[in-house]
Amino acid sequence: MIEIGFEPLWQSTGIANLEWGQVLMMGVGSLLIYLAIVKKFEPLLLVPIGFGAILSNIPLADISGSEGLLGYIYHVGIETGVFPLLIFMGVGALTDFGALIAMPWTLLLGAAAQFGIFVTLLGALALNFIPGFDFSLADASAIAIIGGADGPTAIFLASRLSPDLLGAIAVAAYSYMALVPIIQPPIMRLLTTETERNVVMQQLRHVTKLEKILFPFAVLLLCAIFLPSAAPLIGMLTFGNLLRECGVVERLSHASQNEIINIVTIFLGLAVGSKLSADKFLTVETLGILALGAFAFCIGTATGIIMGKIMYRVTGGKVNPLIGAAGVSAVPMAARVVNKVGLETNHHNFLLMHAMGPNVAGVIGSAVAAGILLALVGG
Amino acid sequence: MPITDLLMSGVNLMGIGMTIVFTFLLVLVFAMKGMSKLALFVTERQGVSETLSSHPLTTGQGQAGMRGDLVAVITAAINTYRTTHQ
Amino acid sequence: MIEIGFEPLWQSTGIANLEWGQVLMMGVGSLLIYLAIVKKFEPLLLVPIGFGAILSNIPLADISGSEGLLGYIYHVGIETGVFPLLIFMGVGALTDFGALIAMPWTLLLGAAAQFGIFVTLLGALALNFIPGFDFSLADASAIAIIGGADGPTAIFLASRLSPDLLGAIAVAAYSYMALVPIIQPPIMRLLTTETERNVVMQQLRHVTKLEKILFPFAVLLLCAIFLPSAAPLIGMLTFGNLLRECGVVERLSHASQNEIINIVTIFLGLAVGSKLSADKFLTVETLGILALGAFAFCIGTATGIIMGKIMYRVTGGKVNPLIGAAGVSAVPMAARVVNKVGLETNHHNFLLMHAMGPNVAGVIGSAVAAGILLALVGG
Amino acid sequence: MIEIGFEPLWQSTGIANLEWGQVLMMGVGSLLIYLAIVKKFEPLLLVPIGFGAILSNIPLADISGSEGLLGYIYHVGIETGVFPLLIFMGVGALTDFGALIAMPWTLLLGAAAQFGIFVTLLGALALNFIPGFDFSLADASAIAIIGGADGPTAIFLASRLSPDLLGAIAVAAYSYMALVPIIQPPIMRLLTTETERNVVMQQLRHVTKLEKILFPFAVLLLCAIFLPSAAPLIGMLTFGNLLRECGVVERLSHASQNEIINIVTIFLGLAVGSKLSADKFLTVETLGILALGAFAFCIGTATGIIMGKIMYRVTGGKVNPLIGAAGVSAVPMAARVVNKVGLETNHHNFLLMHAMGPNVAGVIGSAVAAGILLALVGG
Amino acid sequence: MPITDLLMSGVNLMGIGMTIVFTFLLVLVFAMKGMSKLALFVTERQGVSETLSSHPLTTGQGQAGMRGDLVAVITAAINTYRTTHQ
Amino acid sequence: MPITDLLMSGVNLMGIGMTIVFTFLLVLVFAMKGMSKLALFVTERQGVSETLSSHPLTTGQGQAGMRGDLVAVITAAINTYRTTHQ
């Protein structure tokens, strides 16, 4: 006969087993949801991440354990790298590379903005001088990719190089992507002159359907030849884009852009949130990661703009240097910010389409950078 | 286990179970009443319900302040955790 | 050289290997599909369950074996608990808790109706006096949850406490949920006076968006503090509801309400059906479970109504006791039945919205009861 | 300190590790995509298969390895047989068997066309006389099923009997299904007289909803009694069809016809493509398989027409023998080709609906043939 | 296995295979004809086709009777199974 | 590893990394320019863009020829592979 006394009952409550760290992490989860709902910070990711953080910090329930729902999802989707790759397929299916095809030179703006990644890598290593920090080269690389301003790339790389930091890195990446409209404009105004910001760019040429179909093959071919370690990311991005552009698989394109990416986003977010445990997140390292993330975005924006200024000189004033800021990716937010800052100077200068070129170039650029880091640091 | 003992366990379970169900939902009644009051207060005071339907790309002070908040709040959380755990 | 004679050919046919039990179970599967199609008994679940039963009883094919399709699905989705939890997420995303927020006291109606669960637990244990029955405390708990009138909760608990009885329990749960319009009205008429049934309730107050957003957090917080064993169920329910109410993740809310719940329903049904094998289902215990299921619904309905009568007294006649019957959950069928019985007495008295409060309270109530049974009996 | 020299960097590029076979297989993948986009060869399958072939032949990336994305997908979806079965469920949900129910005798046309399968089996074994070929009975059976003109059936059987040949078999099956409008008309014209092609068939009778609901049960029942080894395929086909016809599970029917089949098609295609490696595909055996595939289609078409001619005689000229060609399945392409060839002879003779009967009979017929091969050769 | 033996196995397989395919589909022809007759009979007799499109929330005798049926049919099934297996 | 060594590795990584990023994207610039020219050439020459939106069920010579192409191309690929690998 089971006789259930007060003591074991009390021991089965959450409050009897609650640790401080769990309360704080539930607070962090709630904060992320608050930012998502009230401040519209990347809600599609931060609502599931925040809720995942709350769920996985409920005492006793062990939802992020190896037998718990979030534990299963993490094991199946993140450890294997499947979820970020499927998101990348969806991003490919959702992205129109037309602006980039019309202006191939803007790829260089996407290249320059990746400087933020590598400077941040140095920054992360330098933090080791401060007691309490102990970032390996792999950790530093995973942190640096925040500067790529690309969520799935960051999660993919972190899951391979530094799973323990995954939670903090994903939170930093999505938070700063949401903060692009705050971080970028001052840097843009600081580094450009009014004359430069005033440049009205030539209208984009028409891009044919055939070019759009050949484009994913061109990118994938170069990736296969020079940088196979980036092939999973670039491969799924170009596959999604081919589904979109080839015009004969409407059903599959629609599935990539909707069902698959929506379902995976929910599970990816919950699984990332399950990594927000007190002992992994409430460390000085997280503060370092948050600081480095802001730093990375600033550097990336600045180097993008500087490359924009170089192109302005070289082309004899045909390129508006502002569009360089869009090279960090953060699609399409960064391009919209460029448009907004451009309009401040000249009410009739719409730079949105021109900024989309470097913007999507930034996606390719940071996937390339991730491939380099995987090849040289991972494995 | 003899059936009578099983039945006694069942009665025990029923007692505890219904007590917890009622207690839990009763506490939830009060939590919900408190929550509704809070919501009313916040809505009246800050017009949050309007904020909730505002545009996604707001670049005002609120958000700038928020970024400071983000780091500040997480810093505070980390400090609290460190001081209680090390 | 393979020489294939008559004997081995005959041995590879189904008819040569057919057992009586398999024929009977295919009949049971067909009966469930018949009830689903002709009598509209919960067709979304009973069609896949019935078909799963037929498939898994085909001789030799071993479709529910460890190498068979239904075996894989069961292993991946039910053994892990993933499918019922995803259904619960979908239920959360489909449910408007507004009526409950407007009338928090109706939570007590949802609490009272759970009495059906615990009385049934006693009933299951008492059946052990009859030769042929041998229910453990875990079996009895899994059977009792049928009284919660909540399919995914029943499947989740049975998969944890008594996997062998899962098939019979799921069939009983969904059958009786479909029978709510038959089972409840006589009990409702018996226990209430005409005056009570005549009560016209005050119109519900307006519920703000902020309250609807805070509600899932309030429920989850209490669950985390007091009853972590219910956290997976309550957590996914409130997560789905937050996706619905927060207003910034339309894509994810839509995916939870459609793609995810539809896909999972198909697989969940097939997997439950795969547990309908002759040696597990064609036992006296199944008859006991069917009898106890009807019993559980009757008791739950009655105690809900009795609590309704208490609230009628306490409020000086402001609460119509009929709405207590909706506390068993079976959303939204039970609320509709309340409305129908109410209209019989007074043609202008629409109780539907008022019954939705206890109706959704019943969902929370039985998840709480499941958590209690898991904490005290499981593990 | 990591010092990265030129040599290791070069060694991490694709070009330094590129093998001839990989280049050729990327070419094969590109060719499949070209055929899919420009010539509309079964694009829903050939675009993902082609892209999967390209991805899995990128040097170093090992995307189809046991740790790579395509390797995971293959392991989860093809090795288990889950993906082809889910496609079959979708096919069932998309298929209207009304024409077949109205003309049950056309099942014999679907039976006759399966002759192509068994003749091809002999052909594959006969190829062993040529040096370089070494097909086992299991290999020959997997190759023969190409004659069934049914993609998922071919993939299901090949994954069970001859996984190494899966890539070539799937490519041949889908390529020839796309070539039906080229392969069939000359054979149809050769084997029929103008009088025969001129036959105008009686209008189809009305088929009731109840017949459509009972049909899947009739098929499944016979399968369970006589041929349990075909039960997974026939079971999922009839399950999908029941979801479609029963009229009470609209949500599930919609999910089978859209979300599930679209998502699975993407992954199935990629996973099949991952089997297109040089050492498995660039063999004389592949050439043999391509030749046998064309042969199989021709024989199946011919025997279908011959059975059509027999029915023309027996019925005293009421059956147009052309519809026998649709018995190979390749739904709905073969039925459209029948219609087209019929219209060439008589501009007012629309045979489309009459050809749908043998067309869907062909699907059942090749699933039956697959079951026979599994029972006698597999296991 | 020598190729000729393989070929003989293949011929054997072809014979058996085509026989089964034809037999199976021929039996299915008759099953479908029977099924159509049954459907016609049922439709005329009970108007099932109308029932099939009726409203989901019917609370009449039919359903009450059905519940009895459910338990009765399952009881009968269990009895049959018990008597043949124990 | 001492921090200074780590930092030197980082500097090394940065040098190599940015070089590769720039090289890769610069090569891609030229690849895209080449691709656009090719596309223009093909579009003007063969009117492929029209073919791309043609109807799925074309049964003309083009497709018949294509089937020959399919086997021919794969045969050529296999031959090349065999001769270089055996």
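To keep things simple, chains are lettered A, B, C, D, E and F as they appear, and every chain counts its residues starting from 1.
Operating definition for what follows: a residue touches a chain if its C-beta (ideal position, glycine included) is under 8 Å from a C-beta of that chain, and two chains touch if they have at least 3 such contacts.
Everything numeric in this text was worked out from a predicted model, so none of it was measured.
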How short can a chain-to-chain path be from chain A to chain F, counted in steps between touching chains?
-> 1
Chain centre separation (chain C, chain D; CA means) in Å = 41
Chain centres from averaged Cα atoms put chain A and chain B apart, in whole Å, by 29
For chain A and chain E, let me know how many angstrom lie between their CA-based centres, rounded off.
-> 55
Among the residues of chain C, which ones contact at least 2 other chains?
-> 2, 4, 37, 40, 137, 213, 226-227, 247-248, 259, 376
Which chain E residues sit where two or more other chains touch them?
-> 6, 9, 13, 16, 48, 52, 56
Every chain pair in contact, whichever chains are involved | A-B, A-C, A-D, A-F, B-C, C-D, C-E, D-E, D-F
Which part of chain A faces chain B closely enough to touch in the complex?
-> 1-4, 9, 20-21, 24-25, 27-28, 31, 35, 37-40, 175, 179, 181-182, 185, 278, 282-284, 286-287, 290-291, 333, 336, 340
Contacts from chain E onto chain D in the complex sit at residues 3, 6-7, 9-11, 13-14, 16-18, 20-29, 31-33, 35-36, 38-40, 42-43, 48-49, 52-53, 56
Chain B touches which residues of chain C in the complex?
-> 100-101, 104-105, 107-108, 110-111, 114-115, 117-119, 121-122, 125-126, 128-129, 137, 140-141, 208-211, 213-215, 218-219, 221-222, 226-227, 247-248, 361, 364-365, 368-369, 372-373, 376-377
Spell out the residues on chain C that touch chain D in their complex, using ranges where they run on.
-> 2, 4, 12-15, 17-18, 26, 30, 33, 36-37, 40, 43-44, 47-48, 51, 54-55, 58-61, 63, 68-69, 72, 258-259, 262-263, 265-266, 270
Quick one: in the complex, what on chain F touches chain D?
-> 1, 5-6, 8-9, 12-13, 16, 48, 51-52, 54-59, 62-64, 66-67, 70-71, 73-75, 77-78, 80-82, 84-85
